[in-house]
Each structure stands twice: as C-alpha cells, then as structure tokens.
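The structures come next, written out as structure tokens.
You will see two complexes here that share chain A, one where it goes with chain B and one where it goes with chain C.
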Partner chain A sequence: MRKSDILIIGNGISGLFAACIAADMGKKVQILSYGAGTLTIGGGIIDVLGYTDDGKPIENPVLGADKMASGHPYSKVGAQTVDKALRAFLKIAESEGFPYIGSPDKNQWVPTAIGNFKPSCLVPRTMNSQAIFDAENILVVGFDTMKDFYANMVTKNLRKHLKSDKNIEEFVVQLNFEYGRDLRDISAMDVARWLETKEGYNAFVNQVKAHIKNSTAIVLPPVLGLDPNYQILDSLEKDLGCKLVEVSSLPPAVTGTRLDKMLNSYAKKHGVQIIEKARVVGSEVADGKCQAVITEGFDRQRKFYADQFILATGGVYGGGLIAGIGSMVEPVFNINIDVPKVQTEWSYKHLFADKKQIFAQYGVNVDNDLTPVAADGSKIASNVKVVGRSLAGYDFCYEKSGNGVALITAYKAAAAFCGEA
Partner chain B sequence: MLKTTVVVIGGGATGVGILRDLSMRGVDTILVERDDLGYWTSSRFHGLLHSGGRYAVKDKEAAKECIEENTILRRIGRHCVEATESIFVRAPEDSEEYEHEWVKSCAECGISAIPISMDEAFKLEPNLSRKLLSAYRCPGAAIDGFRLLWQTVASANKYGGKAMTYMEVTGIETENGEVVGVRIRDRWTGREDKIACDFVISAAGSFSGEVAKLAGLTVNVKPSKGTLIAFNHRICNRVIHRLHKSSDADIFVPHGSITILGTTSIDSAPDDTSTETAEVVEMMKVGEVTFENIYDYRILRVFAGTRPLYSADPNAKGRSASRGFVALDHAHEGVKHFFSVCGGKFTTYRLMAEKVCNMVCEQLGVNEKCHTAEENLVDDPSPELINRAKAVFPSYGAELASSRLGNDKLERVIERIEKQPEMKELVCECENVTRAEIEEIAGEPTSHTVSDVRRRTRLGMGTCQGTFCAYRSVGAIDKEDVPWSKDTVNLCKDFLETRWKGIRPVLWGNMLRDIELTRAIYDAALNLSGVEDIK
Partner chain C sequence: MAINKQHAIDPDKCTACTICITACPVTAATRKFRGPKMTGPALTRLRKLVSDDDPMLDYCSNCKTCDLVCPSGVPISTLNMMAKNEYYKTHPRKSRADDMLAHSEKMGKLITALPMGSTFAGMGMAIGKAFNMMNAMGITQNAKMPTYASESFISKFKKIKQTSYPRKVVFFSGCYINYNQPEVGVDLVKVYQKNEVEVAVDEKFVCCGSPMVSGGYIDDARINAAKNVKLLKGWVDKGYDIVTACTSCGLMLKQEYQELFDFAGMADYAEHMYDSIEYLAKLNDEGKFNTDFVENSTKYIYHAPCHLKVQAIGRPSMELLPLIPGMQIEEADAGCCGISGSYGFKADKNEIAMKVGSKLFARIKNSHADLGVSECGTCRLQMENGSGVHAIHPLTVFKKAYGL
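Moving on to the complex of A and B:
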C-alpha cells in the first residue's frame, strides 16, 4: 500500500484546503472521504470573524482575531496565520478562475434570504453587495415554484434595512418547469442548472429586462450556475446592463457546491489523491504517534499509513464528534470531550442566546500547534493535527467564523507539517 | 359590551365540550380562553383515548366511563381518532397476581381484553421486548388533542356557540350574590370589554383555583406535572401499556409517524411545563422494559403538561388524588350561578360537559336533553370534495388535509390550489402541510403567531422541528400580509425558540445534529440574531 506523507481525514473545506496547501509545498497527500460533507450544505462564503464575544460587529477580522480569548482557535494560531491563510485561499481561487473578493482586514455586509445582512469576509463576486449600496433601484427577483426564497419577504425587509431613498421592488420570474407543478419541488440547484441552458438564460433575460432601470441592482437566490466561474454572472450583467447579487441562503447550497468543486479541482490538479467511501472508524497509536487510521467498508477493515495526519472530520453535524447522554467523543482517536453530565447545562435557555452557545464550543482540545491534548495536557499523538469544526473553543454561528476557522486552522496544520512556522 | 347567557372560561377539552353541549341545547354561550385553544393540558398529554384498562383495577367507575366515551368519540370524532387498538403487556418485574385481577376487572367494566400469545404479540409489534411475558388486546386508540378541540368548536359554531382566544378574564362581576358578567381583556390589542351573562362556568383546569379567586372563592386543584417524550419513529402500531399498577413512563402511543411515551407525576405550579434531562433519563430506563432498543430511537422533543387533579382534601397529592371530576356549584359558598368543573380526563371530556350542562340547564329551566353523543363533530367530506382534494394534494396529503381541516376549510384550500397550482408546494414536508393551507389558516382571525398555525396544521411538528419550515412558513405568511406578519425575523426566531424548548433537555445524538443545522441556517447564514452595521 502506498504510504502518504500526509493523510487527511475528511474532505470538507478544512480537509480540502489543508490538502491544497500541503500539495503546493510538495507533499504527497491523500484524503479519506466519506459522504458528501457539509460544504455543500453551508454557504460558499468565508466568514472569518463577524462579531466580538459581546456581539459587536467587527470591521477588521485580522485585528479581531488577534483579540480573541485564549482557547479560541484564532488565539492558538495567531493573527498572522489568519492573514496568511486567507491570502493563500484568495490565490487558489484566483488560479482556479473563480476569484473571491474582499480582504482579510475588512468585513463586508452580505444580503441574506430573509432580507437582512450578515458580516462576512471573502465572498465570490456573485455576492458583491456593494452594488446594493450603490444602486438607486433594487429589483428582488424570485422564481415562481422555487422553494426557499421569498421575494416578498426579502423586499419588505430590505426596505427596512436600506436607506429610504432607494426604490426596492420585487419581480417573480416564471419557470414553467413541468416537474415543479406535479412531480417534485424546485430548488436553487434546479434554477442554477436552468440558467446554464440557452433557453433558461434567454427566458430569464426576456422576463427581467423590462424591469431594469438606470442604476439597478438585482438581488436573487444563489442560482448563477453550478460551476466555479463567473460566466453567467458576467453575461447577465452585460445583457441586462445591471449588477446581480446572490444572497446567503438555505441548503442545498449552490454557493457551497461551487467552492467544493473549486477546491477539489485545485487539489486534484496538484496531485492530491482523494479516496472516497472511506469511513474512518479508528486509529493505531504507538509511542505517542499515530501509525495508521482504520477504515471500514462493506466487508473489511483497511489501514492507511502516513507520516502525519490531519483530522478534519467536522463537528457533531458532520459526524466528527458524537454526543451521547452526558458525554461527547471524537471517534477516530477516541478522545473524550469534557462535557457536563446533565444535558440542560450544555446550553442556555434560549437558542438565540445573544452570546456564544455553550455546546457550540465543545470540541477537541489542542495545543498551539493544533496537536490534540488530553485533559492533563499530554499530547494524544504528536503527529496528528486537528482542524476545523472538530476544534473546541468557538461558536461559528454566533461569531460568524465558520469557514474562516476551517481555512485558517487547515493552513496552520498543513504549513506546520511542511516545515513552515 | 357583549351579552350572552353562559360564559365558559377555559378553552381546553372540558370548556369546548361545554360550549358545544350548551349551544346544541339552544343556550347562548361564549367561551373565553386566555391563550390559544388547547395551549395547556389538552395538548400536553399522550394523545391517548383510554380503553379504561388502565383504571380497571383501581377505579371501576372511571374505567366504565372511559370505555363508554371511547366508543362515542370513535364515532363522533372519527377525524381526530386513529383507531389503533392497544396492547397491555406484562414484564417479568410486574405482578402476575395483578394480571389476574386486571383480567377480572376488565370483564366487570365491559372492557374487551383479549389474551394473545407472545408470538402473536411480537408479530403485531415486532419492536416489543422479547422478555415480556403476556399480552392482551384492548380497544385503546390515539387521539389528536388540537384537532378534537377545533372540531368541537366548529360543531358548536353551527349552533351559534362562540369561542374567543387570547381573551383573558380579568374579573367576575356579581350583584346580590349572583353572577352578572365577566370582564375581559384582549391580549393582542389590550382592549378591555365586558360580557354580561347569567351564568359562568370555569373550566380552567389547572388554573381553576386562580379563576375561582376572581370571585373570591377557593377551589382545591392540585396540578400534577407529567412529562412526555416524542420519538421520531412509529415504534409501535398500537398503544402499548404496561400491565401493572399505573406508574411512570408506561404508555407508548403512536401518532402518524411518531410515538409518544409518557408520563410522570410531580406536584407543580399550574403553568409549569418545564422538562428536565433527569426525568427523561428515568423515563427511558422504564421504557426500555417495553422496547429494549429505546436508545436507538431518535427523540424529537420532550414536553410537559399539568393534570388538574381535584381534591376536596387540600393535602392530597399526585396519583392518589382522584382522577374523576367534580362540578362545583358555588351557590353553597355564596356566589350563585357560578360553577367550577375540574379534574377528569381528556377521554371523558364529553361526559363531563354533559353532567355540568345538566346542572346548569336545570337552573336555567332549559329542558332540552344533551345531544352531543348523537352527532358527529364535523361532517364527512363528500366524495366530490375528496376527489377534488385528491387532484390537488400531493400523495397521501388529501386524507390528512381533509381530516385536519374539516369540510369548509378544505374546500377553501382546494380552491386556492385550483386557482394557483403552485400553492400545493409543501411548506412542511414532515407533516405534509401545503402552502395553501398555511396561507388559509394564517389569514384566520384566531391566528396570531406561527405557533397558532402549527396547532391547527401540525406545521413544524415532524422530524425537522422547524429547521426548514420556519423560514418557509414565515415567507408564506408574509405573502398573505396578515397584520401580525410585519416582523418576519422575530416570527422565525420565536417559532424556533418554541421548538428549542422541547429539544434542549435531550440535546444529544441526532437532536444536537439537527440543532447544529438549525443554527447554521438561522444564525450563520441568515443572521437572525446579530446586529447590523451597514455603511
């Protein structure tokens, strides 16, 4: 069996990005992948740090990261890594022909599917909200029969959030999909696929065109194609003579799918081997080092050997952590997470607690090099690093830091394994 | 000022039963409810239509009432009842002597209890623990509390009866020791008003003591809290009882695609609907005796309600207090024409209403007899209407929608979809609720929150617990442009918080996974809680 330099468990955003970085530095990298991952469920935008611990909006995420309390992943990796990692991401996106906009030291306000705004840092050009703030006219475009986007609600809420001199109207594009009326529901994925066809594209332009005035920005669900490029966006902006802005939205995430495709493409081009349907069920640790991880398929177990390992299996949602009654465990290295015995102590009374939820911060404890440590501070395996949602100490929902922590810790782990500080 | 003959206070099962009964006898009646219909005890239970078997040994009178009312409700409320039947099972730790006594008692009470072999029992209910020793089939059933209440009111409406929700009673007015009216306050508008009346019947359940206080009286209700667990599986197709002396966590009731396990009994405040992890863990341990794989089933949520146990003795507690009911004529304490009815069971709600109404009618000089057992709550839909429904609803949704809506609303919903076919979009996939239904119900004057719509449609009661349908229903309601839809962000948040309340004590396994997804959508992607600082 081929032994890799670095074996990565998990092909979500943190696993893929770690693979890209390590492959760039000349390492032989394998990814063990199981299931579709949560990247295609979440949005494809890079939230780095939107709010302080007491809920104040942060303008500069790098500066904000520098002030995080110890225990937070950012405080472990340092603000310099935040900056470096995000710039590395921007470079990869650029080289894949799908450049992201934004800068590590500045947040931007992105519109959402309910018609308000959220802070994010790096976003694809399809979500450049500057157009909304600049335009005099805003046209909220929905699609009849498409689920999970209500132009009426977005319009109403945008009117509350934006200056009153803006003219905000809604318009609903008729899809006339046969299957939408009888056979199944239509998601943003279907509409994105439709806009990739000539008929769909033309139908969209023909219906919308009459409603475009001077200085108009269109706000719409994420439907501008399924692939990581800007062909549909650029053509539409040219043909309609206005800007288009996609909103941050519900699953299934078209924007997340594009990011997933982009990172996969880059990783494969740079020699990363992705092994699918490899469910990792355990590991072999000897002399303080991980020797191999064990996968289980339909009929047998297999071992995968490597010099170094990156655990990027995600949190509770992704299956990287498993919560029981009064217990939580990381199943690959069998790490017990210290949690209260009584479940009601895991959370605050309100789900939207106006502070970080307690359970959201449960995860694997690591040292400043992202090596997992036991309760007594001893290293669980010195050649293992933990990245992304499995980590303890942050609440990506409250802070708006999800993909940011994933990218930044992945970068740190990969660079460290490649001999960079 | 409004005027009527009788005011009923409390929109639980007993109250709506009285409203229907009096209205059918031609007595002008208005029901006032402080919250939504069925907000409290009448929905916070197993949803069990008792066969009477549970009470056969201890309380033969209650058992007989149960089996009689069970038979009546299966007929008049058939759109609310899933006639599953029930199985009583005895575990090794349960007394064999009790089993013999129980068989004898069931025969005495007229409750059919057919012994079956364990092989037969396992064939009927494959998930039952193989350690169980004996089994009997009884005529228990599942019943939908919300639906029964709304359909009872719909029936009363036909006879002129009126129910007002979110209407708080702030005072009971008397003149010369006789009731002359009640003062009310609309909790949404704050508007105060008065209903002049000749009689007041308090059917306030666990809150009976508080209502009595408004007239300067005392009623000894001992609220006793029961916690219930809803599992996201149809673990059994029949109601499963443990065949032993009634105890905690010994009843499983299947409802549609879920199963409810109950319950516990703890003295509590009337409005205490909190649940604790420790209670759930204890209930799971007991439940494991009946279904040994209980830990493999995903929990949807936990909830609690308070039984309004009545006791003449103010020191009686919990299950030892009477499960029967009393109707108190407060004339003996100096207030004429004021009655309190409390205690009792959901299964016997109609009978309780009948007895109270007999007392009131006698004083009113009304000779009309009770007809509530003779007439169905709602008419069956006509074959034409069902055919129209089948043409517009997805898959098995036609039957579901027809049962929960009743004919008039069903027809209006069908018309919406016939006019605009895209209105058949499923807003709530778990419970098969269409957008047309959400819009129809949201537009009703009795709807003020997404939770009100939920109680009438089952929106958000299934697997996702609002994760997807909170956004969708709020978007649909916004489109309907009802007066309460202005703040869509908070409508979403409030709805998710009500769902969260039931998940918080059981935040493990897939429940925590689901909450992670909920937060990823509503907090991370839609930023419902963060402040904005748009430049």
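Moving on to the complex of A and C:
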C-alpha cells in the first residue's frame, strides 16, 4: 500500500488507458478497481464522433471535435489532443499485436448486428468494412442455434443499404452442438471458443468453402477468437480465400473482451499495479489537494496515497455517478451534480429523440484541465482529474463518441500529470 | 468501520450486464452451466415465487470470479450457494462425494487420530485410490489427492518454543494446514518470530465452513460459524489480530460469514483480520518487516488464488517476495486453477476443473520455473497436478530466505 505517483480509480477503458499512458512516461501507477469495466460488454471499437448536434454524419472526427460547443469534453481538451490520444492508442494496439485500423481524421462505416451501418473511427482488423464495399458478393454467415444474430435480418438490411449490383446471400453454419434443457443457450462467446478448436475451425471451413465465389466478403458475428490477436482471422482468410468482417453483437461481448484483455496486458507489462474489488467510498482532501482515497470492504477502511489522482469510475451504469430522485452525486469526492428536482425534466419523452438526451449529459463539471469544479465554481482538489463517462456535457449514444471521449480525456489527464502540456 | 449490511443479499442490484458471464471460468469450460448471472441473481428472483429445480446450480464452484468482476456489488456466488443449500433439501445429490468433501475436517480428525501413525497417514487418501474406493465414493481418480500428515499442526505448534513479543496474533490454521500441510503453519510461526510477532493458536476453532458452503451445506456451516465467531471476537477483544494462511478460510471468516449469517461481532473481528502475507506487508509499511534475507536464486511462478483476489488486498506476495535478493518471480496471471477447494476432486467435475486450469498449467510449464508459489493449499495441489511443477506457500519461501 505504498504511495504511488498516480492513482487511478476505475479500470474501464479510460482508467486502463490513462494507466498505460502514465506508466509509459515512467510513473508509478496503481489502479483501484471495483468490478471489471463496462468495456467488457461494449463493442470494442473506438467511436470518436459520428454525428453533429443536429444529427449530420461527420467525416473527419478531429475537425468535428474542434467544432463542438463549449461544455463538451472535446472542446475542453482541444482537437490536437484528440489526434494525439488516438495515435497513442493505435501505437499501444500495434505493440500488443492487435493493431486497429483507421485514422483519427476519417470515420468509417461499420456494419451493426442487424445489418445497418454506423460511423466509427478506429476498429480492429476483424471489422474492416472496406471489404464489404469492395466485394461483388457478400455472404452473411450465421450459426444455427446461436442467439442474437439473425443472418436473414442482416441480409435483408444489407440489401437495403448496399448497391443493388451486389449479390448478397445468407448461409447458416450447422454447429451440431448438443442442445437440451441441461445445456445453456449458445452465445457468440461459445461459437468463438468453438472456432478456437481444431474441430470447430475445420467444420467451419468445410461448410463455408463451397459458398465462396470470386470477390466475396463474409459478414459474420464476432466469433473469430476470444483473445486480442488476428490468428483465426488471418488463417481463415487464407484458407477460404476471401475477407471476413465481424459485426458487433449483444453482450456478452467478444469484441469488448478482446480490447479489455489488450489494455490489461499492456498496463501490466508496464508495471501498473491493479487492486481488484477495491471499492472507493471517499477521499481525504486537505489544503485543496487530495491526499488519499479511502476504500471499504468487509474488513476495514484502507487509505491509498498518491501525488495525483484520476477519477475514471464511469457514469450511472458503471457506478461512478449515483442517481436518486431529483439528485445525482459523484460519491468519491462527494460532488453534487446540478439536476432538476423533478424527474420528468431529466429526459425527452422519446428515448431515442432526434437530439441529445438531457440525462445523458449529466456528469461532473470540469475546467479545461479536467479538474473537477463544484456547483459554486470552486475547485474540489487541484491534483484530481476526471475522465471518461463521469464527465458532463456529452451524449455518447447520440453522437457516437463513447470510447473516444474515454480515451481522449484519459490521455489528456495522464499526459498533463506527466508534465506534458 | 465495516459495512456489512451494504452487502445485503439483493439480487435486484444486478443490471443483467453479463460481465460475469464473460469472466466465469466454469461457463467457459462447459455448457452444462448456465452462467453466474442466470443461476445467481436472475433465478434468485424466481426462487422467491417458485421452488427451484434447476440442476445447473451444482456447477457453480464458488470461485467468486463473478463477484470479482461485478461492477454492481452483487454477491452472485453467495446467491448460488444459498440456492444450492435449498435445492438439496428436496433433491438427491448429484455427487456421492459431496458429504465427505464438505466435511473434510471429520476426515482429517479421523485419519490423524489413527494409531498407525505416519505410515498410514502419510499416504492418506492415496490409500483409497489404490483400492479403487474413490470411484465408488464419487471422487475422481485423476486428481492428486491431499495426503494427511502424521502429526497435526496444533500438535506440532505445542512443541515450538516462541519468544514473547508485545505484537501478538492468533493464527486460524484451518483444516488444510492443520491436517494436510502442518509445515506451512510451522513456517508461519518461524517467519513471524523473525519479525518479532508472537503467534497464538486456539484449539477450540473449528472448520471455517468454506467447503460446507460450496457443497450446499450452509446449515452445517452456520453451526461452525457460531462457534468461530465467538472465539474470534474474544481474541480481538484481548488485543490480538487474526491471521489466516489459507485464502478460503480468510475469505469465509471475514466476508462470507457476513453475507450468510447474522451473528453479533462478525464485523468487529473482521476489522482485525489479515491474510498471513498481507500482515507482513503491513509490517513492511510500518518499516518493521525484517529483510535480513539470504540470497535465493530459485525461479518461481506465482499464482494468485481466486479467493485472495476478491479480498481487495492486491497481491501482498508480489509486493514482498521481490525484496529477497536474487529473487526471480513472475505472476502467472492466468485465471482460476479450476480446483475451487473440493470441486475438482468430484468425479463429475474433474474434467471441468482441468479445463479451467489448462491456461494456468501451460503458463507454468512455459515459464520454466523451478517452483510454483500460491497461498492456497488446493491451488498448489492443482498446480502440481496440472503442470508437474511443485508449488509451495510464500511463507515457506520467506522461511528459506531467513536461512531457517
């Protein structure tokens, strides 16, 4: 429990990334985590900025970020940080043998679980959708009895979105898994495990091969292995002689799990110490500086000391913000978030309104250095920075910016604490 | 201050996010298990209305990986264990070995009390294996079984002459150290004495109940808990800290008791509970850890037991072992070993246990380490069984480093 240089609370994508950046710059970093980060149920792709406030698609996320209204995390950290942070992420992914494709200044359209397209910025190579646009034939591959992926629906939607000269067909691979009351339903994770076995791999190749024509791209659920590497993708592309493109799927998420494993691996290799199940319940602030944060479990309270602190605990869903009737609070530094007392004023009537939801934008207010600011304008602690979903001022769901805001604010906080302007 | 009641058993804290399913080692190994989310919080809601007849419950090993990854603080594994306890009140047991494995203290008492002494005891359960008895009892023939020591730890302890120091702890040895590996307990006393700590034991302590809980015998565990809670509270009232060198005993006494039972004093003594290496790390923080070590050039690989990980104490062994000069140690970081106390010894679960541990076994083999290190006794057995590399308790590494 010795003192660390930088203590990070939370091990979701923003906490892990901040840890990687700070450890890279030579800092002694400790993470306190309570449960795995919600990135393990996410898509594993890096959406940076997909749509403007009035719903128009954005081509260049760096330019888009530059135009965000004040109050948005991107307007606080600046477009230059957007670019730097994403390039740092690409470098980390590359060094872990799981390179992502894409560039900070260009969005790409990736297929969704139902065969629609959404804008994203950086994606793993298993989701390189360019193959779909280039190929003459698209083969949508589903798996019999696998939940949450319907090849016929994907085929129908792809036909709507793509040029009519493309030949789009579906094919369902027979898993021949046992099925019965004593056995669990089959998810993408189970199929991914099956493809990792020799029998599964061969069965897949044998069934699919006959349906591959010249210039074919396969669209399939995320089943190309559970680990952050491209071994299965590469050997399937070789054995089948065509490209494969994964779409995201419902949780439990294979793609998010791969990203989680990759960031954990990098962080640990660089000396980051992770203390699991450590529930942070408060902090000790003196003379405008945080001295320690306090954890609490079944035995006793413990204090964790550091020079600097990064709060990466997530939003309401991740437990970083606690919402009550007419109230919202950040529990570690006890920051009250200004919300309407009347609950009906928190949201528009339609959940998927054609504008940003009100509740989605609630969060901790920060200055341009990401230091938290209380409702009365006072600084809570000068050596604390807030990153990721805890921040106020954006609706990741509407604008498609979730993992982007997480990575970019995490980079800003870590780099600033390491002396980089 | 402990927070006992904040951890109240509440399935509704589950948001059905599925993080536990992505992490559960048993889910990954077999489709016979529905996964922690379903058997735990989801079905617990239904169990409030209808009686349960879901046989999948039996597959939860209580390794607590689900609790570890849950962001909402749902005591998923304990919900499973409570349901298992209820289920077996009205259903036949799946495994004939359940009763014996859950009540391992009985077995330990029986064997170490035999007059034949070390010849028989040293072989322990291996005898049964030779006579093909294990199969009939529902115990796998593939796993390396714990052997029983010729002399219990408590008996050995009485022969140790200690120097008295103002800093005192009471050591809850647990069944595994008392009956199977008493030398680990002896090493604890030696290492603690080197750090000017006096160690007490209490012959009235009974099995913590961990194997009973995971075997679906919570009612039996309650009887043991009632006894232990009273004794532990008494020691703390006398100014002692409590240490355990088995991570499952430690977890049971300080956490699972609070989740399952409602005895007075549990939160009071839990405040003074330490894992044996965590206690040394506390001394290190105070600048009072004896680092007068001899050099050690053995190559080790460390495996963190699941029941250590959920205690929110980090990795005290990986903090302290590198202080030994010449020490080469790396953390395996390869997930659950699969054994989960008694789970992997059951004939119908052994295959799952070996599948769960396969990543760890490969990691140990590829590390070319001379020895494995782990705080948990059955983890050590499983590491040896799966990789062929002998594994020891970190206390034993420290004892050697003190030149003892």
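One rule holds in what follows: the second predicted complex is superposed on the first by the 416 of 421 C-alpha atoms of A that agree within 3 Å, B and C clash if a C-alpha of one lies under 4 Å from a C-alpha of the other, contacts with A are read in each partner's own complex, and residues count from 1 in each chain.
The working rule: a residue touches a chain if its C-beta (ideal position, glycine included) is under 8 Å from a C-beta of that chain, and two chains touch if they have at least 3 such contacts.
Everything numeric in this text was worked out from a predicted model, so none of it was measured.
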Worksheet item: With chain A superposed, do chain B and chain C clash or fit?
Response: fit
Discussion item. Tell me the contact category for A:Tyr51 with respect to chain B and chain C: first, second, both or neither.
Written reply: first
Worksheet item: Touch check for A:Tyr317: first (chain B), second (chain C), both, or neither?
Response: both
Worksheet item: When the two structures are overlaid on chain A, which partner does A:Thr295 contact: first (chain B), second (chain C), both, or neither?
Response: second
Worksheet item: So, A:Gln273: does it touch chain B (first), chain C (second), both, or neither?
Response: second
Worksheet item: So, A:Pro251: does it touch chain B (first), chain C (second), both, or neither?
Response: both
Worksheet item: Counting only touches as set out at the top, which of chain B and chain C does A:Gly377 meet: first, second, both, neither?
Response: neither
Worksheet item: A:Gly419 contacts which: chain B (first), chain C (second), both, neither?
Response: neither
Worksheet, complete the sentence: Larger residue footprint on chain A, choosing between chain B and chain C, goes to B
Worksheet item: Touching A:Gln357 in the superposition: chain B (first), chain C (second), both, neither?
Response: first
Worksheet entry | Smallest separation of CA atoms, chain C relative to chain B, angstrom | 6
Response to the item:
Contacts of chain A common to chain B and chain C in the A-superposed view 41, 251, 317
Worksheet item: chain B touches which residues of chain A in the complex?
Response: 41-43, 47, 50-51, 55-57, 109, 112-119, 133, 144-145, 147-148, 150, 152-153, 156-157, 161-162, 180-181, 185, 248-251, 315-317, 322-325, 342-344, 346-347, 349-352, 354, 357, 359-360, 396-398, 400, 402
Practice prompt. Enumerate the contact residues on chain A facing chain C in the complex.
Written response: 1-2, 34-38, 40-41, 177-178, 182-184, 186-187, 189-190, 193, 251-253, 257, 268, 273-279, 295-301, 314, 317-319
Worksheet item: What does chain B use to touch chain A in their complex?
Response: 276-278, 281, 421-422, 425-426, 468, 471-472, 474-476, 478-479, 488-489, 492-493, 496-497, 500, 504-509, 512-513, 515-535
Worksheet item: How about chain C: which of its residues touch chain A in the complex?
Response: 1-4, 7, 15, 17-19, 21-23, 27-28, 31-35, 38, 55-56, 67-73, 254-255, 258, 267, 270-273, 281, 285, 309-315, 333
